[in-house]
Amino acid sequence: MGKFGFSVMETRTVNFGELDNRLLGYVLENEASFLTCISCGGCTATCSAGNLIDFNVRKINLFLRRCDIESLAREIDKCMLCGKCTLVCPRDINIRNVVMLIKKGIVKFRNE
Amino acid sequence: MNKLLPEIFIWPFIIGLAYFSIIVLYRFVRWTLGLSKIDKIRIWKGLRSRKTLDSAIEAFREGLLHRKIFRTNPVLGYMHMSLAFGWFLLIVFGHFEAVAYKGSLSFPVYLPIFFRFFVDGIETYPFMHFFASLMDLLLLFVLSGVSLAYYKRFNKKLFGMKKATRLKSGDRIALTALWLIFPLRLLAESFSAGQLKNGGIITQPLGNLFSLFVPLELTTPVTWLAYSFALGFFFVSLPNSRYMHIPAEVFFIFLRNYSVRLKKRVNTYSLVQVFSCSRCGICLDTCQLNLANIHTQSVYVLKNIRNKNLTDEVLFNCLLCGKCQQVCPVGIELIDLRITQRIESTLQYNSSYSYLAGGEVKQADVVYFAGCMTHLTPSIKKSMLQIFAYSGVDYWFMDEHKAPCCGRPLMQAGQYDAAAVLIENNQQKILASGAKKLVVSCPICYKVFIEDYNLPDIKVQHHSEYLFELMQMGSLPKRLTSEKSIYHDPCELGRGSGIYDKPRKLLSNYTSLIPIMNEKEKSLCCGGSLSNIKIQMSERDIITNNALDEYLQYSPDSLITSCPLCKKTFARGNKIMVKDISEVVAASIVQKNKSNACADKKVLEQAL
Amino acid sequence: MGIVLDLLKQDVRFHEGLKACMNCGVCTAICPAAEFYDYDPRMLVSIVQSNDEEAIIELLKSDTIWYCGQCMSCKTRCPRNNCPGLVINVLRKISQELGYFTESVKGRQQILIKRNIGDTILKTGYCIHPSIVKPELHPEQGPVWEWVYNNPNDVYERMGGNFDKEGAGTLRKINNEVLGELKAIFEVTGGTLLFDKIEKFSAMKAREAGLEGTDGNIDKYIEKVNAEDKI
Amino acid sequence: MKAEGKRNIWREYQKEIACDHFYYQRSCIRQNFFPASEKTFLKILRDELGKDIYDDPLHTTCTGIGYHTDVVPFDTIQAVVARHFALMTEAGYKNMAISCVTSFGIYSEITETWKEFPEELEKVRKSLKKAIGKEFEVPANIAHASDIIYKFKGEIAEKQQFELINKQTGKPLKIVEHIGCHYSKMFPSKGVGGAEFPHVLSGMIEEWGGEVVDYPERRHCCGFGFRQYMVQSNRGYSLSNSKKKFESMEPYMPDAIVANCPGCNMFLDKWQYTLAEMQGKTYGQNGKGIPVLTYEELAGLVLGYNPWDLGLQMHQIDCEPLLDKMKVPYNPEDKYLGANKKYIGRPEVAACLA
Amino acid sequence: MGKSIVTIGGGIAGIEASGILAELGYAVSVIEKEPDFGGKLKNWDHLFPNMRKAEEIEDYLSRKGKTPGITLFPNTTIASFENIKSGFVLKSNHGVSYSAHAVIVATGFEVFSAERKEEYGYKIYDNVITSADLEKRLKSGTPLTTLAGKTPQRIAFIHCVGSRDAKVGNTYCSKVCCVTGVKQAIEVNKLLPATQIFNFYMDLRMHGLEHEEIYKTAQEKHNIQFIRGRLSEVSENIDHSLLIKAEDTLSGRPLKMNVDLVVLLVGMEPGVGTTAIGKACNIEFNQYGYLKIPDVHLAGNLTSRKGIFVAGSCSCPMSVKDTIEHARSAAFEVHRYLIEN
């Protein structure tokens, strides 16, 4: 803040040019059904964890595609893997595998 | 003594045997040392108990007679038995013969193995002709197994098997060597008999025949040498091939009888089991994933563990339905082995359920836990609440609004530590409720409540058991309809928890059950299993539809199950009316109890 | 319908600003505030459109409504001819009417603005007067402004101004008669009332937080509001 | 970039601007920070173009900043604006010339509201009558001061002394235009050239020999944000938005920025200083800032007015590099003198920009 | 029968309806302002949902146009329109009179003029094109590059350009742009597999039975990324790439992206021809400027004047498939009318 009493703010804008999408690639390569997500939110609506806390499964797709790994890691940790999302998904996406792959990918790319 | 060949020809055999013995001994020691302290104490105590004798008998029965394979598949059983037991008898009687020949217990280790090479027909010893013929017959016995094995390679259908395990190079060498040992022995003994007149009822006529057109001076030593090499190759390749299962299985039987158990982490007992797999392929055939052309069955997992190339794709592509474990002739704990591997592979994964702290608790006699899957099949939930209201039970619907998952899906994925957090939270709430009974609608939850929750003084029941008990107490109306139904055993409730009869007895009050081929222990998986992380929905559908098609052959009016996930999965097939056992019971209440309609309505509204 | 919805619908700007939103997001895409604050005008309009009184009250108590910079870029682009910026104006007005503004960090700042801009209007006839742009409060204005601030008569005279003097021209003194008219307009049209409400609710909040001086002054409160401290 | 496309759009948005007889409405911010620009505007209109424009001592602020910081209600600002209309009516004028873009936006919004909701107009008539006993007529024409300069840009060009050409290279000066948000974003039809490709400033620049640089964040707000600047702790918002613009225009290496909005002129000037202080970053050439001019200052330079009479010394970013390029003569000694060439001391030199 | 019909417009609808009526024995004059027939079809490359070549339909229509009984009048417009007792007399720009017992208006649509969506910079920025432009490029087979000849690394398809937009006066959905956008995205992906493709949409209105499948295939097989957010603006970077801005509405954050090519999926509008003919015939328009049909369910081919019928997209946005069906039903309505009168 210094002498001014304010400072330059960070932008919230998603800048598509500067995204690191290794994790996205890893997940999509190993679970192709995830490509077909239409962000309908059915998963979020049924989610057991989401019923308990502010947790949005749909946004996992979003964070992954926007390469917001920090938010992704924070959110994915809340999943209880109960599998309801997979059962309601209209596009038959294997969401539990996506969750597991993300968990694995986070460890993998953190170490790389 | 035969002068035509220096004794050096036995060395391939001797070296092989020595190598084999050292490696196997080394492994046994390493495995033993790798066990936990408690397990070691168990072994120490067991060694001096009856368990040792029991184990020896079992080892004889399973390792040599292959009783379990016999039961599943008699031809396959005979093949294994003739090879293993026949060879065993050859060795045993070969030793007796050597004793008889030498008149003492001291003779070189190779003598019984190459006996006819060393013994001239003009020498005599007790029971000479008896031994010669007995050994011939035993060899014939073994050879019958070998020829079945040949045949199996080329035509597996003879054995009623759809699949055969794929071979690795180590296996190939061992297999080739094994296939060659006994024919070579037959040839060698026949050649020797032709020269030395020392054969039995088979080898002597054969020898005489061969002597007419075979240059025995040359072929006899060469064949014995080849026989020795075949043995040597076999013993050398054995520890690195699937035939390691022969010693490992014996070791496994002893450890198992000494109450050594699999832990939640991979240890040397896991390895003992991995090495005990004969890759007989029985697990392959029973696996429903074959229908979807998925090749991740237990035998491959064990093989991959041995070869240290297990991938997530294989490890997590399993329904954990338990059918393979049910039929495994060696008794390997296939499910737990897979789960421990899953635990191992997900150790670094993170999870955070800090949001679970606390939660509402109500006092009641019975705690009802519907489970996540039941929330996706609200008719089950509705039926259970109707039944509770009808029977006047003081209950608390624990996960009516907000409750964590039971933890089992996490466990199935290997995430035990994560599951523990959920378990702890649920456990505290259940204990705080003061209830004496926990009723669970989902078999997946049921199993974890039984096995992994610490709920002293609380009886955990799946709703099918609970409803059976209510019926016995006369708290439920009975109303037999003309409907013919099939009862589908959910994996987790049937093979997983051994509950087969209570649901059937309960249902007999409402519907007539059609007996079907694949039921109880042999029941099919619906395909919906949460345990399979990798399978695609389209592949699940194949399994589901296959099961449905099998059921439809019996033309039932409805398919009854007692698992919300089975119900949901079968309903997806959209081929037959699928009901939960609770719905069947609840349907009779609505009919009988119109005066209670008001109360029902309230319950109904609550439920919805 | 609750009071908030009533108030919303009474305001002509609400009807101007919100016809029907289809959640397309063109407003957020170019919203300067959405770029730097955790703020999404589309979501805000969506909440207002929901007619959910409770949710709207939450909004009125939140920082959210105070992030907009009133550039009105949203109006240019909206394919449904809505103007989230105008809807914000109405929400802010209601938040102040009902005292909800003191519930949020950004909302509480209204007392600063009222005392700065609001009071300056009635005192000088201008929104901004050199006297309130004190260099110590405005370091960003830089040394040239400090020079101007210290030499207003000379600088403005050289610029052809009429600083603090009767008659026409730059920064002329607005005479009392005109200021009287301005005050009369504020009285009649609710301007004074709004000033009073901002003062009243801020004082209440200061009292509630134990930040009221013995003579009823709320300087301590204002200090904390200025620093965006917790209250 | 195809110029023809823009020209097509400009043809679509030809707003009506009165020719003569204006009632002038001053700007709070401009009076404070760019007082000479308003003086220059009146001078150009009266002396160069021979127009009649009335500078009424009785008008006040429109209270627009108060309105957009939400301390002045809509009813109040409508009545204040109505009072100005009443003053205009009393003075016998029908055409408004508005110095401030915020005011211009306010006047537009209010008159549009009255069109759509006539009952609001009646309400305002009543309350003004009640408060001060005045009656008013809605102006026939409301123009922003930049509209008027735009309209007469050709006449100004005829009297042009200096072209917007870099005399050192012979190439047109590269100038970035910045249009105040409230000029046409609310009502595109009320701005020359509309909201997306406004022509009001680019028209002047091109007419007077310069080259307009179209850069990606051209339309982005300077970040004033009213309450976002008025409260110290919020100013990061304001600063960050301007920074975004500077970063976007930097690769084009503009020689100057021209704006038509008081706030924008001030912020684009001052934030360059602040950013240089905070982050050591400057966006102009040779480590200096980019000079920021009002359109009157630009017109004044073109007409050969003394830069210090135009008030360029009140800018934090020095305009001398631009004057040098244009070969506009100036006396550095005179820059910071007070009235009657009195020495009043000099501002401290901003080291970060030197 | 000897009754005569004038069809105004020689596009898909006009030819199809006229062909059927000619087969039924009527004398049909088809008036077309362009030198050749087939309407916009000649600008399209492949048609959804089955990716058939548009030329196949063109061939079909040109055969249809040769049905005995049809007379084609290219380069002709209607100058006047008169009511007579037995029907109508139309006079052409060449001074030729046509008498008709019934008239079919099949004047089609116009592609939305994307330059009206100023913030997208069509005809201003070098690399902003429309879906119609892209279709022509695909058809011509020339390599798909930026104006400077570079292979685009990133392409954005922008949905709802000129549709669902009060700012340009078209509040309706043009129905075909969603599926066109996805179809073209797939085609571009096949041509330029290394290029990242994004579709910016609000809703994907994949109305036809197979259209949803096209969408899924685009995601699954062609890795096309769909971003839910309407494009707010396009601006040009110094390297002539484009900076586009939308809200990533699913995350509630603004989103910006540099792309090399922007394809605007332009909607449909009633054409000037439709407006002129409608006025000349004195028939009513609906609120969107299309020809008004009296009953959306039961009278889809009628107009406000007896004897004047409508076929194809001059009544509302239609796909090729819908247009052919609409033309066929128009022929039936005309036939029924002529029998009854």
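A, B, C, D and E label the chains in the order they appear, each numbered from 1.
Simple rule for what comes next: a residue touches a chain if its C-beta (ideal position, glycine included) is under 8 Å from a C-beta of that chain, and two chains touch if they have at least 3 such contacts.
Here the structure is a predicted model, which is why all the values come from computation and not from measurement.
K.L.:
If you apply the touch rule, which chains end up adjacent to both chain C and chain D?
P.N.:
In this structure, the chains that contact chain D and also chain C are A, E.
K.L.:
Using each chain's Cα centroid, which is most distant from the centroid of chain D?
P.N.:
B
K.L.:
Taking each chain's centre as the average of its Cα atoms, which is closest to the average over all protein Cα atoms shown?
P.N.:
A
K.L.:
Taking each chain's centre as the mean of its CA atoms, which one is most distant from chain C?
P.N.:
So the farthest one, by centre of C-alpha atoms, is B.
K.L.:
Once every inter-chain C-beta contact is counted, which two chains account for the most?
P.N.:
The chain pair with the largest number of C-beta contacts is C-D.
K.L.:
Let me have the rounded angstrom distance from the C-alpha centre of chain A over to the C-alpha centre of chain E, please.
P.N.:
Centres of chain A and chain E (C-alpha means) sit 39 Å apart.
K.L.:
So the centre of each chain is just the mean of its C-alpha atoms; given that, what is the distance between chain C and chain E in Å?
P.N.:
Going by mean C-alpha positions, chain C sits 49 Å from chain E.
K.L.:
Between chain A and chain C, what's the gap in Å when you average each chain's C-alpha atoms?
P.N.:
Each chain's C-alpha centroid was found; their separation is 38 Å.
K.L.:
Using Cα averages as centroids, what's the distance between chain D and chain E in whole Å?
P.N.:
45
K.L.:
Two-or-more-chain contact residues of chain E, please, as numbers and ranges.
P.N.:
119, 228, 233, 248, 253-255
K.L.:
Of all the residues in chain A, which ones touch at least 2 other chains?
P.N.:
Chain A, residues with two or more chain partners: 4-5, 9, 11-13.
K.L.:
Two-or-more-chain contact residues of chain C, please, as numbers and ranges.
P.N.:
Counting only residues that touch two or more other chains, chain C contributes 30, 34-37, 76, 140.
K.L.:
Using the touch rule from the top of the page, what pairs of chains touch, sorted by label?
P.N.:
A-B, A-C, A-D, A-E, C-D, C-E, D-E
K.L.:
What does chain C use to touch chain D in their complex?
P.N.:
Touching chain D from chain C are residues 11-13, 15-16, 30, 32-33, 35-37, 66, 68-73, 75-76, 83, 89, 92-93, 96, 106, 109-110, 112-114, 116-118, 121, 125-130, 133, 137, 140-148, 150-151, 153-161, 166-172, 174-175, 178-179, 181-182, 184-191, 194-195, 198, 226-228.
K.L.:
Provide the residue numbers of chain C that touch chain E in the complex, in ascending order.
P.N.:
Going by the criterion above, the answer is residues 22-31, 34-35, 40, 42-43, 76-81.
K.L.:
List the residues on chain D that touch chain A in their complex, please.
P.N.:
Within the complex, chain D touches chain A at residues 232-237, 239-240, 243-244, 274-275, 277-279.
K.L.:
In their shared complex, at which residues does chain D touch chain E?
P.N.:
1-2, 4-6, 8-9, 194-197, 214-219, 251-252
K.L.:
Enumerate the contact residues on chain C facing chain A in the complex.
P.N.:
These residues of chain C touch chain A: 34-38, 139-140.
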